[in-house]
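Pasting the structures here.
Two complexes, one shared chain (chain A), two partners (chain B, chain C).
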Partner chain A sequence: MPSKTIDVDALARVEGEGALNLKIKDRKVTEAKLRIYEPPRFFEAFLRGRHFTEAPDITARICGICPIAYQMSSVHAMENACGVQVEGSLRELRRLIYCGEWIESHALHIYMLHAPDFLGYDNVLQIARDSPKIVQRGLRLKKIGNELVTLLGGREIHPINVRVGGFYKVPTKQELTPIGEELKWARKAAEETIQWVAGFKFPNFEQEYEYVALRHPGEYPFNEGNLVSSNGLNIPIKDYEENFIEEHVAHSNSLHSHMKNGRTYITGPMARLNLNFDKLSPSARKAAKQAGLKPPCRNPFKSIIARGVETLHACDEALRIIKEYTPPAEPAVRVSPRDGTGYGCTEAPRGILYHRYAINKEGTILEAKIVPPTSQNQARIEEDLKHFVEKHLRLTTEKLTWQCEQLIRNYDPCISCATHYLKLNIEREQV
Partner chain B sequence: MHLMRNPLPKTQHRKRTSVRGSADPQVLVIGVGNEIRGDDAIGLYVCRILKGKLPHQCTIVEDSGDGAHLIELWKNSQTTILVDAVRSGAKQGQVYKYDAHQRPLPTTLFQNSTHAFGVPQAIELARALNQLPQKLTVYGIEGACFDEGAAISPIVERAGKEVAESIALEISHNNRV
Partner chain C sequence: MAKKQKPKLAVWKFSSCDGCQLSILDCEDELLSVVGEVDVSYFLEASSMVRKGPYDVSLVEGSITTAHDVERIQTARQESKLLVTIGACATAGGIQALRNFKDVKEFISAVYAKPEYIETLSTSTPISEHIKVDFELRGCPINKNQLLEVINATLNRRAPNIHHYSVCMECKLRGTTCVMVAHGTPCLGPVTQAGCGAICPSYNRGCYACFGPKETPNTASMSTWLKHLGMKDEDLIRTYRTFNAYAEPFRKESEAHAK
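== the complex of A and B ==
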């Protein structure tokens, strides 16, 4: 029986440094490894000894694409440790800045990173040459998301205006008006985006996944809610570590997460959408249905549609917040440290981002734990690869490699803020 | 009493153009880099040397090098000069100069940025979208140390000073013409 090895030494169009190794023997995948060889960065270790108010600015440095997620999870965790709940306009502004991050991150992934896979292009430059207006739409969408982050966060990459208890400075109603006009264009562009990606050809591949996301009784989740799963899990976020574990695997510098019962799971747009479809804005729900996306959707390749739907939802939600906005009396509520442990879990563009901190009454961080979405999805990506390859062995190696990379990009893995180019080695062997 | 004016960041060294593209500078100088990654900061360093030394119609911007943002920055400018660190294996401090309208930049030379969408990719995307400035000159300065927390190497710093001088001369010459 033929054996085959597929090695992608450096994955392209993902964020960070990773590689793919597949070994096939007797029509079975004997090894599927997503190798993350980017060096560990030890954020959890060097948070220890820092003041609890520094966590949002330090953790924002973990990622240039989703710094808001890190800021939100950290401030919620610190406020939880200190027994403070941020409500009203400040809570709304936190949702608004998160809308900006979802819009810019989803637009980047849909247009620049994932769409070329479906259209048979190597990269977005080729789309730009053939269909410049489509790429211009994507760039403008991304820009509007970035502008929203800049307006509330002070700058688009590693914003500095978020603090424990709220913000350093909040906008006036008038300051939000111009971006509101931009968002009206963006929601129309998001609708067009959904129609565009819904027309792509999707590989026939469905799996029985366990989807995990936040769920809040009154809203599509950004910052708060219980952790729920498609298999019936429903827990407060403080119980995360009782239900999920991280473990080190030899081939990756990223820890692998799975449920305590050993099952892998998925977090991210498809999980959110499947578990919170009823909480989408009416227009986002309608657009999803028109695009043929109804829960439960088990085809991971259709995550590109889910990102489009969430982009539309984020535009709708941002417009609602801007319309109803009344500036808070103070830009932040007072948060006094005390001995304790706090938990935060929010929905980064790529899925749930869990933070836990132990602090003392002086406000010094004693312990920190951060679990990003990519490490949670990594084990499931490897399972997907195994099943996908076994089902598509008839494909040429070139086509199979292409689709394996496309499959990895379904999850928009965020390994870090650096990327290398694809270098591919394929070995065929007759046993 | 503790008073805080303009608490939101107006970066000390950065003279920002509007991200909405309302600025229409005759000459836009963009320094690309990461402040805390050794020689990668050389583009920012060149900007800081030039600050206050260029005619008032010139705009100087420090940027992280996100491709989409670069296109946004330069799309309304007539002339853009961009400075970034490169890593080709050549001698430390070597300076490369490219006219982006003449030919594509070698992608292997420039530091890859977030999602592999940095300076060369931004130029090619802008070319495809007809959003290149009328004139786009790119200076690449060969770096050697890109370690986190490292300072700019003395040789690279010297090369940065030379590039800043060349840019100032070029702008001054063009102004006279």
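== the complex of A and C ==
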């Protein structure tokens, strides 16, 4: 029985540094480890002693790809600790800036990180050489997402305008008008994107997942709602830690999450779409159905279509908010600190991002807990890899390696967030 | 006629949030023309294709926080003709350099259940503490127009046109009323290097120094003014200890108030 070891140094087209180790013996995967070796940065430790108003600026630096998600989860948690609920136009502006981040992050992932896998390219630049118009569409779509974040946040990466209680400055109705025109083009581009990716060839691979996402009675979730799962879980976000457990495993600087019963779960666009299909904008729902995507969808490779659908939804939602917008009386509501604990959980582009802070009445942070989406998906990604590899042992090592990387990218892992990154190492012992 | 060989570009990542290298992909209008001029030979966030060095230009993101990275940065230097660091992590150690003021062991046990699994250095240090750096581009995150200027200058063998004056200059250039003078809002603009375009004051917010200290900053005078506005020593320490906490002028000023 010859044995084989395959090394691919560092997985590309993911955010951060990671590696994958697979051991195969007697047609069985004996070990599947997604190793995250991105060095730890200790945010939860150095947040202690900082002022509660600093959390949105500091936690944004966990991730350059989804800083809005960190800002939103932290401001909601702080307001929760202080007994403040932000309503009306300020709440709408928070949804609007999140639309921008979803459009930017999803367009980045669809066009630049994931599509090359389906089309047999190493990168988007090669796609641009053969199909420049498609890439130009992706870049403009991404740019419009970034423009929306910049308009409301001051800049696309680590925006400066988000604060506990609201914003430093809010736009006039007139200032939102030009981006509205851009978004009309973007929603068409999103529709074309869905049609484009729906035509890709998807590996035949379906799994039983427990999907977890926020659910809100009135809207597709961004900042608020209960945590629900495809197996019937329905809890307020403050009960998160009673239902989900983080575990520290030796091969990763990211903590692995499980449900309390030991099961793994999945969060992100596929989870949101499966659990909130009825809350999509009518045109996003229609486009999803036309692309053959409706619940229950269990093929993780089709997450690229789900990202397209959510991009369209985000354009529709942004257009709605802009149309109905009237500027708030004040750019922020007053938030006075008090002794207590606050919880925030919002839908980052790649899934639920949970924050908990204990603060005192002087406004000093006493304790911080942050659970990013990638560390929640990590254990289930490892299971996916095990099942996928066992089903596809006939493939050449080169092809198998390619598809394993593609499988990991289905989840748009953000390893900078989770470090708590990818090197592929397959050891084969087979007949 | 033989085709001129394009310069080889590499992008290296150390401890960081990936935001500065994302700035390259965020140049949506310029990306295809930039990559028309260079051979993107090593850029893992964007491409699975890896060409071996040596590289003509390397962009380095992130700070040094592990023993392995202490060695890897030497390789990056050996493989690169010109090496440019991008962002506050690479130029000053980043927000993760807050550990430099504390006991890292306590930090590890605060975050991880099994500290024995974690390999890390007790400090987060800028790239220039380890190797010779040809140019440092500031910012948390970097400004993409400045990045394009540095790439352009490097490819055309000229010095980058990057100013080292303060954010105040940029406020004056864009006509923003001084938030400190007019509204009494604490602002680090006077001691912070320009480059962002003075965004915060234009949003009615004081600068929080994400581009790090300007050339010869008068931090002592800055602190006096901030005290006039009601800040206490502990507030000043926090104010200087953010994304460029380990940059010397900010480090020293924060230490002066920690005594």
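Just so it is clear, the second predicted complex is superposed on the first by the 408 of 431 C-alpha atoms of A that agree within 3 Å, B and C clash if a C-alpha of one lies under 4 Å from a C-alpha of the other, contacts with A are read in each partner's own complex, and residues count from 1 in each chain.
The rule is simple: a residue touches a chain if its C-beta (ideal position, glycine included) is under 8 Å from a C-beta of that chain, and two chains touch if they have at least 3 such contacts.
Keep in mind it's a predicted model, so treat the numbers as computed, not measured.
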Could you classify chain B and chain C on chain A, in the superposed arrangement, as clash or fit?
clash
With both complexes overlaid on chain A, does A:Leu395 touch chain B (first), chain C (second), both or neither?
neither
Touch check for A:Met259: first (chain B), second (chain C), both, or neither?
neither
First (chain B), second (chain C), both or neither: which does A:Pro116 touch?
second
I'd like to know which partner A:Pro67 touches here: chain B for first, chain C for second, both or neither.
second
May I ask you to decide whether A:Ala358 touches chain B, chain C, both, or neither, giving the answer as first, second, both or neither?
neither
Touch check for A:Ile157: first (chain B), second (chain C), both, or neither?
both
Is A:Ile235 touching the first partner chain B, the second partner chain C, both, or neither of them?
neither
On chain A, the residue positions that both chain B and chain C contact, one per complex:
12-15, 64-65, 108, 112-113, 123-125, 128, 132, 135-136, 139, 142-143, 146, 154-157, 160-161, 168-169, 420
Across the complex, what residues on chain B touch chain A?
7-9, 19-20, 64, 66, 68-69, 71-72, 107, 112-117, 121, 124-125, 128-130
Seen from chain A, its contact residues with chain C in the complex are 10-17, 38-46, 48, 50-51, 54, 57-58, 61-65, 67, 108, 112-113, 116, 122-125, 128, 132, 135-136, 139-140, 142-143, 146, 154-158, 160-161, 167-169, 247-250, 253, 255, 331, 405, 414, 416, 420
Footprint of chain A on chain C - complex, ascending
13-23, 25-26, 28-29, 31-32, 35, 40, 44-50, 65-66, 69, 94-96, 98-99, 102, 104, 106-108, 110-114, 117-118, 120, 124, 140-141, 196, 199-200, 202-205, 208, 210, 238, 242-243
Give the list of chain A residues in touch with chain B in this complex.
12-15, 64-65, 108, 112-113, 123-125, 128-129, 132, 135-136, 139, 142-143, 146-147, 150, 154-157, 160-161, 168-169, 417-421
